[in-house]
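Listed next: structures, encoded as structure tokens.
Common to both upcoming complexes is chain A, partnered first by chain B, then by chain C.
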Partner chain A sequence: MTEVTAPTVFADRVAAATPSTIGRSVRGLSDRVIAWLFIGPTILLLLAINIFPLIWTIYLSFTNYRANRPNAEVKFVGLDWYQRILGDADVWAAMQTTAHFVIWTISIEMVLGFGLAWLIDKKFRGHALWTTVILIPMMLSPAVVGNFWTFLYQPQSGLFNYAISFVTGIEPSSFQMLGSVRLSPWAIIIVDVWMWTPYVMLICLAGLRSIPDYIYEAAEVDRASPWRQVWSITLPMALPFIMLAVLFRGIENFKMFDMVNLLTGGGPGSITEVASITLKRQAFESWRTGYSSAFAIILFVTVFGLANIYVKALNRVKQR
Partner chain B sequence: MRPLLAAAAAITTAFVASAPISAAHAQGKQLTLCWAAWDPANALVELSKDFTKETGIDMKFEFVPWTNYADRFLNELNSHGKLCDLIIGDSQWIGGSAENGHYVKLNDFFAKEGILMDDFMPATVVGYSQWPKNTPNYWALPAMGDAVGWTYRKDWFGRPEIQAAFKQKYNRDLAVPKTYDELKDIAAFFQGRNIDGKTVYGASIYTERGSEGITMGVSNVLYDYGFEYQNPKKPYDMKGFVNSPEAVAGLEFYKSLYKCCTPPGASNSYMSEGLDAFKSGQVALQMNFFAFFPGLYKDPNVGGDKIGFFVNPAAKYQFTQLGGQGISVVAYSDRKNDALRYIKWFAKGDVQKKWWTLGGYSCAKSVLNDPSFPTSAPFAAEFLKSMDMVKDFWAEPSYAQLLQAEQKRVHDYVVADQGTAKEALDKLVADWTQIFKDDGK
Partner chain C sequence: MSGLTQAHSVVAPSNLSRRIAGALVIVYAVITMIPLVWIVLTSFKTPPDSISYPPKVVFTPSLEGYVNLFTTRTRQSPEVLKQLPEPTTWYDKLVRSRNMVIAGPSNVIPRFVNSIIIAFGSTFLAVVLGTLAAYGFSRFRVPLKEDLLFFILSTRMMPPIAVAIPIYLMYRELGLSDTRLGMILLYTAVNVSLAVWLLKGFIDEIPREYEEAAMIDGYTRLQAFRKAVLPQAATGIAATAIFCLIFAWNEYAFAVLLTSGTAQTMPPFIPFIIGEGGQDWPAVAAATTLFVIPIFVFTILLRKHLLRGITFGAVRK
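Here is the complex of A and B:
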């Protein structure tokens, strides 16, 4: 009884303590006004930390402003930066590098993540323990992962090189994962796959577990082979989940910064310089604020546009 | 009551004893000095105790690792922050800091206090204090002289079997290299050699991409081969100077040195990686700034009799990359007068002498021209020679953009094997031309 009466008593006390004038005015408020009272602060906060910076960035992208020259006269440069960025071979190279990373990491993570989810879904003995073990990399901070793998990749003392050497017989110090033009992109892809495949696995697992058992039972009655069941039931029914994982990882990897910055810093040369690293260099090393604002807007529009197209496709798949 | 009384007396005594310091704090008698976190900074902490003794002004220090030094303090200056009253800023910052009003101009103060720039080595005055260069406009007092030099494993060089093997291969004695060709021979000779059961490598050179490393490294060779930043007769005219055939040859040489003679994985190596490689007995030669040499000489494993020092070798010419910094008063400080007092104190001859003995590199002629200076430390003579042949990177307000452009172009060629040396320098000319064009120059 106490549990039921206590809130009532408390509410009564609040009502009694509320001055009648306030009580009258609150009673007079419409639902819409009360809703605004609740939502208002959140909207203000969003405007302050999301919308205003975005508008300010758009404004800066049309100016020659530089953060390291706050006293200099700010001039309107129109679409100059946009024109220069879109005609800059180095920017296109960075976009191409980004696209390679996104495509490779997503492809590998989807195959491995779905495969792992499919195995875990079989509920073999100890599957819960294995699920937890597989999820560990995802729980680590990217800074820790970056430093950890930097040590692993050391050509003279890193365990990674020794493991490869053990398997292939190649001398450990004869190849550099982070310093080699050929291998450094793969060094980053390996780390991203190691860290984020569990995330894809989780989403795929949710998809697999959402498929009712009776569908498989019906398929078995119809003597459908296991392969046929995967092709005709599992994949189509889990597809919205797989597509969701692609969307999340795609957006994340398009913006990939921390891992690349920690592992290679964009090097050697500019081989692993993804768009976010270029943006950081322009904004905080070269101090080209106007230019980097324009670049940030271009990246934003690219991600936003691609994500929108993708979400439409996702909705169509869900409606099937 | 007795313990209580004793405690009260102790507290009172402590309070009275600390009164001058507290009073100093109460009056804001504390200065914050910002610099990079490295060996000389520790020497400055030691040195500054004398300033506190003399003036009652406490010194607080903000030291930031080199990797974040520029980001951290340029952000501080750009945001008109009051964290630093005094700053020992990199030589390249002078142009931007002067034009953006971050530093207090020191001409009137120097004139009033009788501080003469003629009392400091000319290269350090131009490098650390003047903007525009070679004009009598001073924004800093030369504080920490520095340049790129080299260390070598004297103990390895002295081994008879190694000497014999070298002589057999190159038909000359294994000795400190005078030219870059000799240096490359020595580095190649040691590359992959087994010494005391351990594989060692030739040379540690600068290859870092992120901040300024590879530019600081490659410049040492480019200058010697004939690279010029601009046409001496026409400022900002770079075509044929930055990408001259001599500069192209210099860049090709640096790449060949990187490819033949550096330890595996040295594709992003700067000051601390060089120190690690040398201290761990991995390399025979190391390119690094003189600022680290006192610490290396004290190192129990590779210091003392085991280490030797030499100046940047020659090619067609002989120059070396200037490092080092000047000390400036931050324009946004609320304690400018006390900060100027520190500079006045720091400029004194006896303070400069002590600065050198503690491990800082004085730029004062009274210290450097003293007949005993070359023998005052094992690296002193080389430092003196180096300061006579230094060249510096652009100190323009856009130096950061200029630097990032060179970092990219040079690293792309030397480490990442993209294109030719000529293409890299041609692109650099295009980048720099655009940057100056944007600046209206």
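Here is the complex of A and C:
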């Protein structure tokens, strides 16, 4: 609508306004100067708040600095921290926990999200409204979500335990979602799936809507079965979108912090301790600044490296 | 139009399969909404009702949670209570019925104010910077353009905890620790990457002819930007602003690590709303309900742009 009327509106504006004198005085600015005036502030801000801290982290990772003792003498320790991290069993355990979470959450979210998108794409009555309803969880703050799921998971009075006991007959207070070694990882996975399946669903839906109808019509003429159509048309055509969803969720869940910090804090013991929680404990509880800086760099390089490899694969799929 | 094409299409899903699909989606939507509905219900319960077993679906609604959220209260002995004048307002009566008196306001309003100031401040800055940069990237030949754009995107890949350590140290040096200004700058930096990518997509779609026509009419480049491009990009700018607002409103990791008092926002504060004898769940639920209301409004406003926003404009609808 606006696109159609806009040119006339603009023509009116052009007719109504005449260039001001201030405008004339800056006429001398060349496009190159303007380009840098426009882009410069953003680049400067990112350098100050992202790149400078990153470089500082790299520097700190080579020292024995401790943030809670700012006046102590700073000594260089070379690659000591990196060596220790790579030999630290706790770090490897945290990385493994993180990998488990990433694999489980992405697998479940992909199946559910794609399934939902496939159903919504059938355009039943009211599908737009229900799609909006489904999208709400991913718009919420992870802090709020972690908090109210803590309430739902209360063993004595929580709605979740009650619902499970209603279905299975198990005493609700006999299982603790957040306190047991066996269940607490699933408590986190359930919340992550609840919150982020809509995200995957939305991207998959865009993928499904990008497939032109005539391809299905052709398949119908060739008498391809519905399952064959899903397997040979829908999935391959939607693949770049599915991969995009995996990429975004993968990066986000590799950094997973909010939900774990609120639901279990990494416990019980260190069963749900993901890499970000280890990092927080080292940096802001044990104040091992050098060690945690080195760990931060390792994590960043890992995310960045994986994302790069993945983006290359994604581009190859897109070009096909 | 759709009716016609569907009628002739060989592959239009049958009515039955459509209904089954609809029913399944609705079942999912209802299950997914239960936790949220439960929280809103809990905010209108009394503390004993909120932890009763089995969970109460039918209960007498009470505003105790909201009163507890906004006030601090002290417990008094019956003798002291007898000597006090009769409570006059409904909230005084409510608190008195639990043998308590209101001692003063709670911290929640300053936390809400912080959330509002930090979210709007950082959104404003991110959108201004983002619009300028997006226009620059969209219209000018910038050396290393692709690399700069990728650099801007990559700042989002860092785990917040990894950047939090040096930012904590840097802010301590600069006196920005636990200040609103510090949080505004930080959230602006995080949001500007999304703003640039999204807005570049929107501005790319505005034909260059508008500015060219304006410049032929005697406008300078800056005037053409202001008069021809900005009005056209208004919808995109508004959508971007709402995305930035939601992020800053919801952010937890930086807030919990870098603020403790004066600049603390709602997300790290909500879990610490404690009442008499432990977690006051109706008050926590009340805080959650109030906190989440703007998000509902935004989700409805944004529904057409959601896909763009969550994929950095990589996918268009």
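Keep this in mind: the second predicted complex is superposed on the first by the 290 of 320 C-alpha atoms of A that agree within 3 Å, B and C clash if a C-alpha of one lies under 4 Å from a C-alpha of the other, contacts with A are read in each partner's own complex, and residues count from 1 in each chain.
Note that a contact is a pair of C-beta atoms (placed from the backbone, for glycine too) under 8 Å apart; a residue touches a chain by one contact, two chains touch by 3 or more.
Bear in mind that the values here come from a model prediction, so they are computed numbers and not experimental data.
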> After the match on chain A, would you call chain B and chain C a fit or a clash?
Replying inline: fit
>> Once chain A of both complexes is superposed, is A:I203 in touch with chain B (first), chain C (second), both, or neither?
In response: second
>> Could you work out the angle between chain B and chain C as seen from chain A, using CA centres and rounding to the nearest 10 degrees?
In response: 70
> In the superposed model, does chain B or chain C contact more residues of chain A?
Replying inline: C
> Given the touch rule stated above, what does A:A67 touch, chain B (first), chain C (second), both, or neither?
Replying inline: both
>> Tell me the contact category for A:G87 with respect to chain B and chain C: first, second, both or neither.
In response: neither
>> Touch test for A:G169: chain B only (first), chain C only (second), both, or neither?
In response: neither
>> Under the stated touch criterion, which partner chain does A:V181 make contact with: chain B (first), chain C (second), both, or neither?
In response: first
> Which of the two partners, first being chain B and second being chain C, lies in contact with A:Q156: first, second, both, or neither?
Replying inline: both
>> For A:A307 in the superposed arrangement: first (chain B), second (chain C), both or neither?
In response: second
> Which partner does A:S286 reach: the first (chain B), the second (chain C), both, or neither?
Replying inline: first
>> Please give the nearest C-alpha separation between chain B and chain C in the three-chain superposition, to the whole Å.
In response: 5
> Same chain A residues contacting chain B and chain C, which ones?
Replying inline: 67, 70, 154, 156, 284
> Hey, which residues of chain C end up touching chain A in the complex?
Replying inline: 5, 9-11, 13, 17-19, 21-22, 24-26, 28-29, 32-36, 38-39, 42, 50-55, 129-130, 132-133, 135-137, 140-142, 148, 151-152, 154-155, 157-170, 172, 185-186, 188-189, 192-193, 196, 210, 213-214, 217-223, 227-228, 231-232, 235, 246, 249-253, 256-257, 267-268, 270-271, 281, 284-285, 288, 291-292, 295-296, 298-300, 303, 306-307, 310-311, 314-315, 317
>> Which stretch or stretches of chain B touch chain A in the complex?
In response: 71, 74, 78-80, 96, 99-101, 209-211, 263-268, 397, 400-401, 404, 408, 411-413, 415-418, 438
> In their complex, what parts of chain A are in touch with chain B?
Replying inline: 64, 67-72, 90, 154-156, 173-174, 176, 178-181, 264-271, 281, 284-288
> Which of the residues in chain A come into contact with chain C in the complex?
Replying inline: 2, 6-7, 9-10, 13-14, 17-20, 23-24, 26-27, 29, 31-32, 34-39, 41-43, 45-46, 48-54, 56-57, 60, 67, 70, 116, 119-120, 122-127, 130-144, 146-152, 154, 156-159, 162, 172, 194, 197-199, 202-203, 206, 209, 213, 216-217, 220-221, 241, 244, 248, 251, 254-255, 257-258, 261-262, 275-276, 279-280, 283-284, 289, 292-293, 296-297, 299-300, 303-304, 307
